[in-house]
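In what follows, chain A forms one complex with chain B and a second complex with chain C.
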Partner chain A sequence: MATTTATLTLSSDMLSSPINISASTNLAKATITEGLELIEMGRGTITEADGSKTAEFGLPTALGADKAAKLFFVNNSTNPEHYIDIDLHDTNIGRLYAGDWMFIPFGMNDTASEFVIEAEPSGATCPYEFALFQEPQTLVTHS
Partner chain B sequence: MATTASINITSDITESLTTSVSASMTMYKADTTIDLEETTGLAQRTFSGTPSQVVLIDVSATAVTAGGAVAHKVYIRNTGTDKTKGFKIFLADAADDIEEIGTLYGQDWMLMPWLATDANEDIMVLPSSSEKMTLEYAVFHQ
Partner chain C sequence: MATLTPTLTLVSTDATNDELNFSVTDSLTVVAPYTGVAKASVSTTGANNIIQPATDGQTYYVYVKHTGVDASGSTVTTTLNIELTGDVIIGKLAAGEFMWMPVGGHSLGVQLQASSGTIVAEYAYFTKG
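What follows is the complex of A and B.
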């Protein structure tokens, strides 16, 4: 059985009592302990001139309802003013500024679950990397 | 007042090709290299009874700078150990539609940016079971 482990170490000294979070999870298929079995990894670059684009991973092969997937995505820009706007379909989640990363469960229920990215502001160029861990896709009959 | 977060992912999904992902970030205010200065602190909420979709993080109840040039971050973790039970996580969008992000099963965690434009971007959760289930969460914001 494949084992994929995601570990977070977060520390903040904003408060008089510092926040220290250490979290670790084995990425499993939905409702069972068996590990995820499919990885998509890669890198790309999006510019402001590209406009709003559906990311190249995951879709159009949606997993279907109630399956498990986890997505890591990082903006590798080094310009603090260059950010990637992140949308799930038509819902804006937020902005990843230079060096920011995110790690989320990714529903991928259907094509409406598309992961949409857009570089901003004018003139921005944002290299990015991603890793998508998911349940295996159903094999299809050959053409 | 630095807040830093590091992720490390290891996987043996492919036996012949070792997979490792690592990244670190310091949480800065938008468009700057100035540290985020505000947080809700680490909170915990326990759910039980008939599952229903409820607001976990209410924009109007969180002292965040609303929308636009913001670099808020949200951390959520299912503290349970049972992989058969999970919390569906949702974001309500500006059209009052509700967008499902995904499901956090036992021990799963997430860290994501949060625009927090208005009350239509509350973070909502739906437990899968009527049994006692717990989330911990925090917002780091400007």
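What follows is the complex of A and C.
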């Protein structure tokens, strides 16, 4: 059984007293008792001219509704004006600006959870990286 | 304006033969409004558990953690839905898990919904400056 530990810290000077938040968890299968075993990592570049694209890992799979996955995704653009729009299928979630990243639970079990990205504004070019932690998929019979 | 520094570390010694040790950080300019760390006892009706107001063109950075207990303090293993207002599911957190993501570019808020009973969640949001 694999054990992968994710730790998030948030610190800020927005108040007169520093803000420090820390959370840590082992990335687990839906059963909770076992760790996620399949790790997929990659990088790519999307431009505004590409339009709206499903990310490499974003296609719905046969994981099933009772499975778990975690997704890390970062916009590596260095231009502060260039952002990546994040959609789940047709629903816009938010924008990752240059250097911004996200870490979310990812359903990836039906079309509605399709992970879609789009670079903006006009002329934008956004390199990105991702890491997807998921449960093992069922191997298929060779063709 | 203030600076918010989120850092994520992913570590595993046995997921692969080569040790996984990955860390990423960011430096975010944030402004009011924001909510530091707050707790909410989340019910099964998402519309009653809105933790981030609807966006108006701005981007919010949102943190949510499933504490693993219910309103009475008893351990729970039920999942916590992270949703946009209107019951659009973004993802599900199991007990002890957390998420960090930007929300914005539309006019929706963020709400939480327990799959059953109640779940105590920790959350925070910050407005991009």
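To be clear about the criterion, the second predicted complex is superposed on the first by the 140 of 143 C-alpha atoms of A that agree within 3 Å, B and C clash if a C-alpha of one lies under 4 Å from a C-alpha of the other, contacts with A are read in each partner's own complex, and residues count from 1 in each chain.
The rule is simple: a contact is a pair of C-beta atoms (placed from the backbone, for glycine too) under 8 Å apart; a residue touches a chain by one contact, two chains touch by 3 or more.
Remember, it's a predicted structure, so these values are computed and weren't measured experimentally.
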Inset, instruction - Could you let me know whether more residues of chain A are touched by chain B or by chain C? - result: B
Inset, instruction - Tell me which partner A:F57 touches in the superposition: chain B (first), chain C (second), both or neither. - result: neither
Inset, instruction - Look at A:A30 in the shared chain and tell me whether it touches chain B only, chain C only, both, or neither; answer first, second, both or neither. - result: both
Inset, instruction - Could you tell me if A:Y128 is touching chain B, chain C, both of them or neither one (first, second, both, neither)? - result: neither
Inset, instruction - Kindly classify A:F115 by the partners it touches after superposition: chain B alone (first), chain C alone (second), both, or neither? - result: neither
Legend entry - Intersection of the chain A residues that touch chain B with those that touch chain C: 2-15, 19, 21, 23, 25-26, 28, 30, 32, 35-37, 39, 68, 70, 72, 74, 86, 88, 91-97, 99-107, 131
Legend entry - Residues of chain A defined as touching chain C within the complex: 1-15, 19, 21, 23, 25-26, 28, 30, 32, 35-37, 39, 68, 70, 72, 74, 85-86, 88, 91-97, 99-107, 112, 131
Legend entry - Complex contact set, residues of chain A against chain B: 2-15, 19, 21, 23-28, 30-33, 35-39, 41, 66, 68-70, 72, 74, 80-81, 83, 86, 88-97, 99-109, 113, 131, 133
Inset, instruction - Name, in rising order, each residue of chain B that touches chain A in their complex. - result: 1-14, 19, 21, 23, 25-28, 30-33, 36-39, 41-42, 69-73, 75, 77, 83-86, 89, 91, 93-95, 97, 99-117, 121, 138, 140
Inset, instruction - Show which residues of chain C lie in contact with chain A when the two form their complex. - result: 2-16, 20, 22, 24, 26-28, 30, 34, 36-37, 59-60, 63, 65, 77, 82, 84, 88-106, 122, 124, 126, 128
